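Everything on this sheet refers to the single structure shown next.
Order of writing sets the chain letters: A, B, C and D. Residues in each chain are counted from 1.
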Amino acid sequence: MYDIAILGASGYTGAELIRLIAVHPEMRIAALGANSKAGQSMSDVFPHLRHLDLPELVTIDEIDFSAIDLCFCALPHATSQEVIAALPKTLKIVDLSADFRLRDSEAYAKWYGGAHAALDCQAEAVYGLTEFYRDEIRRARLVAGTGCNAATGQYALRPLIAGGLIDLDDIIIDLKTGVSGAGRSLKENLLHAELSEGTHAYGVGGTHRHLAEFDQEFSAIAGRPVKVQFTPHLLPANRGILATVYVKGEPGAIHGALRDAYASEPFLQVLPFGQVPSTRHIRGSNYCHIGVTGDRIEGRSIVIAALDNLTKGSSGQALQNANLMLNLEETMALTAPPVFP
Amino acid sequence: MYDIAILGASGYTGAELIRLIAVHPEMRIAALGANSKAGQSMSDVFPHLRHLDLPELVTIDEIDFSAIDLCFCALPHATSQEVIAALPKTLKIVDLSADFRLRDSEAYAKWYGGAHAALDCQAEAVYGLTEFYRDEIRRARLVAGTGCNAATGQYALRPLIAGGLIDLDDIIIDLKTGVSGAGRSLKENLLHAELSEGTHAYGVGGTHRHLAEFDQEFSAIAGRPVKVQFTPHLLPANRGILATVYVKGEPGAIHGALRDAYASEPFLQVLPFGQVPSTRHIRGSNYCHIGVTGDRIEGRSIVIAALDNLTKGSSGQALQNANLMLNLEETMALTAPPVFP
Amino acid sequence: MYDIAILGASGYTGAELIRLIAVHPEMRIAALGANSKAGQSMSDVFPHLRHLDLPELVTIDEIDFSAIDLCFCALPHATSQEVIAALPKTLKIVDLSADFRLRDSEAYAKWYGGAHAALDCQAEAVYGLTEFYRDEIRRARLVAGTGCNAATGQYALRPLIAGGLIDLDDIIIDLKTGVSGAGRSLKENLLHAELSEGTHAYGVGGTHRHLAEFDQEFSAIAGRPVKVQFTPHLLPANRGILATVYVKGEPGAIHGALRDAYASEPFLQVLPFGQVPSTRHIRGSNYCHIGVTGDRIEGRSIVIAALDNLTKGSSGQALQNANLMLNLEETMALTAPPVFP
Amino acid sequence: MYDIAILGASGYTGAELIRLIAVHPEMRIAALGANSKAGQSMSDVFPHLRHLDLPELVTIDEIDFSAIDLCFCALPHATSQEVIAALPKTLKIVDLSADFRLRDSEAYAKWYGGAHAALDCQAEAVYGLTEFYRDEIRRARLVAGTGCNAATGQYALRPLIAGGLIDLDDIIIDLKTGVSGAGRSLKENLLHAELSEGTHAYGVGGTHRHLAEFDQEFSAIAGRPVKVQFTPHLLPANRGILATVYVKGEPGAIHGALRDAYASEPFLQVLPFGQVPSTRHIRGSNYCHIGVTGDRIEGRSIVIAALDNLTKGSSGQALQNANLMLNLEETMALTAPPVFP
């Protein structure tokens, strides 16, 4: 039984980690850090977890990390790097923030607006897109969870870029995301009255920070710079990301490449050709559904990927990586089906 | 490993059973019956289950029940009694329909508008409100799942009636229910455009059939006829029931009685006095949250109970009962926390 | 053409006033006050109003009230009394806050937690439930808009109390309200991720401030103290209130009394006996639908009233009152049908 | 005062017409046709219209068209052409179906799967995109309402194609639409439990019939065949379309062209450069908001258009056209602001 700490337990990704670990046969939640809500119980902060026997929320300083086997950091960006820099250098860590996703410190500075405060950790971190970094993750001490949008887009595109199947200069990711990805922060545009019953785009024109991950990963695969277009939209739904990806390439070959690449992946489900996924059908689960359709214009294809931003897009991915790092069965506590309706 | 059949697998309660059993360590789904969709795969009917290795949907006639250890019937009312009457008399059955909830055949005829077609089975059936019929359920061959609204109201009220703590002639249950309780049927008022963004009452004035269960159970506990008022409202949400129950009785005594009655119940959580439950905090789970508050008018109390109609209100309850009938741990595959947000 | 000022134009009731007045043939918006957003345009604050030619938001001090014929105050509670105390004593004012609803200063102090800062204005104010204070409103200088929940409950109950048709000691108002009634404030429980997909009660047990209005009005009608039970619930919808009112009284007489009382009211629609209203069917409009049903228990009735909290419950009511105060047709700019679906 | 008939009054676009015409100073609803619900009152079919004094629903045969000045046909596709072929040839008609949108009978046969049954009417019909066919509409007897998606995409693109500002071979319209566009039909995927809380694409790959309108109109403007890519997605919202359009062209020139083209249009609002529209901000109104942003990749732009499918996308457009056909002020009864929140 491994003893687990979760830092940032009062946010949605922290709560999602607890939800998943609650039925994990080999993990025990030993410490919950949440500086701003220290002293409260989880049932005060998240009443849906009230039946669980959980430790009280404490400040991070109060945690004895020598008794911890693995630590999840679900802290805000920038905070995370400071906290992790101060943790024992032998502690296994899965970070869910954006702080360690970029390998290039200049790219980090450009996209996140300042120098990184823990460059040594950044150098050590492994990018946490499980299916593509599995071996590195197994050996890693520090794994950087991917952006939820970045994961969705990469599941749709990596095998196509790797296979040379699409025009690298004409990739458009039109993405729709549920609101929980924005966290539990008090912003006017996240109010029910503002967000429900409609949709809008944000970060239009290439300003969303998850583009940094697309640039890093796609360019590395292609061996040349690849820049995609990416427009996220906010959905009136709590969970779920749907990425509609427009590419120039043969639909049959594209479908085949995805099907082959993910044939033995437990969580990546490629639908029969022409079928489309729905975020409703992966809700609350670690599964990702991917569909491919050919356009009426020859040589063009639409790839659509759906996953739950809180599960496969962050906390589920984090647990999948933690399982690998602890040499456990990769799918442990992650195979529960989606909740529908 | 027990072999399980589910009849009526193409409805929401059928799908919910599969979702729960998918992670059950001692059950294996051996047959899925759905007459109208026989020949289809579950991934056609419920794409959220596509990753599971499930048998194809078949007609009920095609199922070899001699190989089945326990059968869930998630069929429509009236159909259920006909099907069950024809099943082997030794087969363990958990029925999720209304057909075997009422012990009195006249009450059945009155509320359901006709004579019962399987009176011998009706006589044999045990009412499936687990916490109050646990011993009978363990020994039962046929268990009748309760109405989802009926379960919610009973969790709020049974200990109060049993304890003589409230005025039996002045009980009002104002209930709010999500739409999945109405099933996957094509009715105009269940369309998104009709149902979202508002609420309305239905079955007003004492016409909802779940009243028959309240009458039967509460009268039996009290040893005299008890008639409650019950008004359900349809919520623009998919899952969840909130029953706001108005009673005349001392709030402290009422809270104490509920807390004591459910002290060792794994799924019934009585909140600290004055706290209120939310359907969002039990969503997708088998937990029921119950809160008690005193009114400003002395001697009056409000008891509020929340559960998920598809889980604790039907399929979760059914699985809890099946665990008992198969002599398994009662909570097996039912302890996953709610999905929030 | 009357020149209108709106103070508190950056909140939902302010925006709703603008929406309604935009098509008013006899009113022109001359000034918009919003201290915290002064200097901004309405299209920044409420983009749905961008096509209108509106004055810029200014501080209240910047408004020349000598050029204003009528002023709407849509300010927060407590702020409103301070602002109104400082306005010209001849200015016609419709206040939408809670500050002038209670005629008794002790009741005010008890429910709102402190002494009133403008007792002379309080003494002068007329309670703005149009249909019952029409003559006083016509002559008033200062009209106090009612609570939105308070309006809904009163439409269901006033004729029944006046007619001596119900037991005054056993009245229960179980109310469901959309979230816009809580305003545009940044509170965690108003976030989409927290509020959508479920419901919960709040202010349980007789603590909601709208009870002060029920107490004041119902006691005045009855000529004796009347205390109702009142439990509001938060709905996952933006607009709409549904009040389910449980009374002891003959359903036929109750229906008749409501039908007679409102026979010539343009906005109060009593449905045929046994029909139930829905908040979806009054959305965005100034109409209120009321239904009456008899319970299976003799001598008990359920009265259900539905209105839009932002329209008939606040800004629509305010405009209706302003029309009266300016000697205009009462229904002017208020007869647009609800928006459905 | 003009006497108006509405055929197909029991659907959403029929109800929306009534909602708008209810406050029209120069129109009176004289007849409501709805074959399947003939004999019912509108308040039975659409309770939100119960306060209106409307004629009873009748069969189309029962209507005396000699007393009608203008007839709206809100009938299903295919039905509409049969009905209109049988109406008096002098009757002014605004058709909301797809039957008369395509000028080329072969294109009609291809996209709609069969020969047209009223080719003479088809030849006579004017395409109802008001801002671009205003003069023809004024003189027309029969106006064909556009597809709601087709209108949205055209508002974003027509001035760009006309101005030669974009690459005609690389246009992608990723569109998100509310569910009311699918009408009041009983389909499983339109149920609240199926549609809420998520999104999916449909008609992927160039199969949606509104493409026929894009092809017809864009090719006519360009003077050469133009084929766009178009992927609609179903939103968990009742009203609203958001079209995110990806083009290759200079953002500044594109914004300028749209701003100039719509400078004097009352309903088409081009936002300041870089701002994005939201469907929430046009809800229930006849306004269309259009925003332009440049991508980080030089020479690429994103144009986003939002309108309400039931209003500007169908019934509001139809009324705008009817106003023109009757020589009334074009904006009459159409200037009410959107309903937000």
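Basically, contacts are C-beta pairs under 8 Å (C-beta built on N, C-alpha and C of every residue); 3 or more make two chains touch, one makes a residue touch a chain.
Computed from a prediction, not measured in an experiment: that's the story for all the values here.
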item: Chain whose average C-alpha position is farthest from chain B's own; value: D
item: Chain pair showing more contacts of the two, B-C and A-C; value: B-C
item: Rounded Å distance, chain B centre to chain C centre (Cα mean); value: 39
item: Distance between the centres, which are taken as Cα means, of chain C and chain A, whole angstrom; value: 45
item: Two or more partner chains touched - positions in chain D; value: 12, 180, 193-194, 196-197, 236, 238-239, 277-278, 280-281, 283, 341
item: In the complex, chain A residues that touch chain D; value: 170, 172, 174, 176, 178, 193-194, 196-202, 204-207, 211, 227, 229, 231, 233, 235-240, 242, 244, 246, 274, 276-281, 283, 293-297, 300, 302, 304, 306, 341
item: Chain B-facing residues of chain A, complex; value: 12, 15, 18-19, 22-23, 46-52, 180, 197, 238-239, 266-267, 269, 271, 277-278, 280-285, 287, 289, 335-341
item: Of chain B, residues touching chain D in the complex; value: 12, 179-180, 184, 186-188, 190-197, 236, 238
